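Got a structure for you, written out below as structure tokens; questions coming shortly.
Chains: A, B, C and D, in written order; residue numbering restarts at 1 for each.
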Amino acid sequence: MTQFPSELLGGYRSFMAGRYTDERDRYRKLAESGQKPKTMVVACCDSRAAPETIFDMGPGELFVVRNVANLVPPYTPDGEHHGTSAALEFAVQALKIREILVLGHGRCGGIQAALNPESEPLSPGDFIGSWMGMLKPVADAMLSYTTMTAGERQTALERVSIRNSINNLRTFPCVKILEDQGRLKLHGAWFDISTGELWVMDPQTGDFHRPDL
Amino acid sequence: MTQFPSELLGGYRSFMAGRYTDERDRYRKLAESGQKPKTMVVACCDSRAAPETIFDMGPGELFVVRNVANLVPPYTPDGEHHGTSAALEFAVQALKIREILVLGHGRCGGIQAALNPESEPLSPGDFIGSWMGMLKPVADAMLSYTTMTAGERQTALERVSIRNSINNLRTFPCVKILEDQGRLKLHGAWFDISTGELWVMDPQTGDFHRPDL
Amino acid sequence: MTQFPSELLGGYRSFMAGRYTDERDRYRKLAESGQKPKTMVVACCDSRAAPETIFDMGPGELFVVRNVANLVPPYTPDGEHHGTSAALEFAVQALKIREILVLGHGRCGGIQAALNPESEPLSPGDFIGSWMGMLKPVADAMLSYTTMTAGERQTALERVSIRNSINNLRTFPCVKILEDQGRLKLHGAWFDISTGELWVMDPQTGDFHRPDL
Amino acid sequence: MTQFPSELLGGYRSFMAGRYTDERDRYRKLAESGQKPKTMVVACCDSRAAPETIFDMGPGELFVVRNVANLVPPYTPDGEHHGTSAALEFAVQALKIREILVLGHGRCGGIQAALNPESEPLSPGDFIGSWMGMLKPVADAMLSYTTMTAGERQTALERVSIRNSINNLRTFPCVKILEDQGRLKLHGAWFDISTGELWVMDPQTGDFHRPDL
């Protein structure tokens, strides 16, 4: 018999009895005609920040990349295995996505790691260290902001990093061109896990504020 | 005023009125005590295959990496930005995850790309080509299985790729050690978008079958 | 006849007809026995941030100093006219205040001036420049935090300044002694004029967070 | 957890449930467009004499300086930290205030201190002594008016001090010029804490009388 986790099987059972039953036709259509999501979300792996949950979205609605700290690397066409860049290329070129949202969140473990460069690597490979190294310039700057508390620096870097990823998105020629033509929009948002507050980025100033709901 | 997509704001409103209201205390606790998920899922970016939806999971339950075609690369400690490896390291070493599930699905666009190596790159960078290149050996073998239909080869590679990723997981020393000690379990599953069927991998044989529900 | 502003006379009429009538005895007692407020508030002159309004407080409850940007200068016993220090001395020594709150707020014009040191003085006397000069060290540091937006620097300095004033409070021997004896407590809070949110300072970390209400 | 005073949190709760709810739009507008008060009030820190209460004024209506005994020092452009002068400059030059009211009140502790120069300083710094020293000339004169009772001298000095502060206001070039042009008006008023009576100053004679309501 299978060792497949019983919580997952139990959850799958309630999915089948609930949402799937309600949306059987939708799933069938989505299978036949293929996915046509309008929106791509770059989110964090964090178990508390699933975009489908926060935005109450159903099947077919969000094309989602999730990596540690929701980072977008700059355009680097070197033939290496760039997972996030591959997803971006697929979303923009194949799926003709119209909106890209970089979704950050509070108490992000990856951002915390970036603000503690001296801490022991988690493994000899130090993959987190290398991954968060993408933020090193802004993280180092943030570490020098000594009038702010550690908590304030963490929240600030979570938001700086979102702007940083949005700037990196613009280094991809396809993104730049489509945005300039008004056919693609880039957005930033930050989710407060504790209070459930969503803060959205003002595209002009880069400031985050609570939207009118 | 912000151009933030109205569908997302609308979805957030119903999240706040619904799930968040029901689970306010849980969110607060998750914020204060930090996330402690038992399970990590490597899933695809596909908008039809969100693990939180398929397994009806709530906040704090699943640590989720999503990349194109739910691939796990082999252990490569070269200091490059390996997003999936960083997430794996964080999940296993920092979060002490107990189960890792590689979740594939039908009609996967990434797998389809791997089976059409001659097709035009989506962009000069050809990030999808490079990313799916990870599967080249098995994809090339699959292309030689000429007695199978294109559809059969697609489904077959979707499952071969899951076994391939699970093998790559074992190239990470921390995964290998913990699995040998019985403190970490690796699982595979495949979701049929059209029928909603979940097929789980037999850890001994590698075969996929419908679980008893 | 008097040129006394009619809005003020009108407001006074409704005070007499309303609150005063309800609290006539309280006013009489407060006159006879003298004021015995438990709490002193250092607030800003800003017309949108009156502490009696934000905390819905009545006559006799709050001893209130209001100056531009709710600043407390450090202890400087030089015989000059130090209005805020005089109020502090009176509150602590004569009124035996038990709690002191430094109340800041968003979009503070004084803080904005501190972050724009190059801007033209408002008058030859440049009193605002001299007054906000008290914050020069932290304001200069903040101006170097270039990864943050102007809006983020403003909010950050509004909060840094509150911590700075609380530290300055502790330079007054009477405050230091009574706080060490647990007979006087110092608090910080920040009011968001736009959303009405109150953020209170954690006395340990200095971070500002939303209180449970 | 925070030690923030529960009375203040309770008061904030009723503010949010009451006034803020009623005036949410007004607060939002005041945040976006900035404050535009027509009137500045120089009032005392006394907990029984909050101008927003006495004049029943809402958010955005009064720009308020509060110091001990509602004093305005004379124009002294020496680069020192003059809190009241800074507030005055900001109100007149930046906010283009049209009316300035110096609001005194009965049983003022600061005035009482000025009439008891022999009394023990409250602290080695003697900040109250130095602050009220501004009134020394008029206070000394008052002390020689031996046919008046102590109570009469107190009330008399409370009113003399208001006229004195209004004269000091006129030593500020910007105030003098705007008043001469009829673009700024200066007012005096005195509030009787015990009876709730408001007495306003006749701008010609300097006498205080009850206004017609």
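The rule is simple: contacts are C-beta pairs under 8 Å (C-beta built on N, C-alpha and C of every residue); 3 or more make two chains touch, one makes a residue touch a chain.
Here the structure is a predicted model, which means the values were calculated and not measured.
Shared contact partners of chain C and chain D are absent. Fitting chain A to chain D on Cα positions gives a rotation angle of 30°, stated in steps of 5.
Note: centroid distance chain B to chain C, computed from Cα atoms, is 53 Å. One finds 66 Å separating the Cα centroids of chain B and chain D.
For this pair, chain A with chain C, the centres built from the Cα atoms lie 40 Å apart. None of the residues of chain B touches two or more other chains. Taken as a graph of touching chains, this assembly forms an open line, each chain in contact only with its neighbours along the path. You'll find the chains touch as A-B, A-C, C-D.
Contact residues on chain C toward chain A in their complex (touch as defined above): 138, 141-142, 144-152, 156, 159-160, 195, 205-207, 210. Within the complex formed with chain B, the chain A residues making contact are 2-5, 7-9, 11-16, 18-20, 24, 27-28, 30-32, 34-35, 37-39, 45-48, 50, 52-68, 71, 73, 75, 77, 79-91, 93-94, 99, 101, 106-107, 109-110, 122-128, 130-134, 172-174, 185, 187, 189, 193-196, 198, 200-203, 209, 211, 213.
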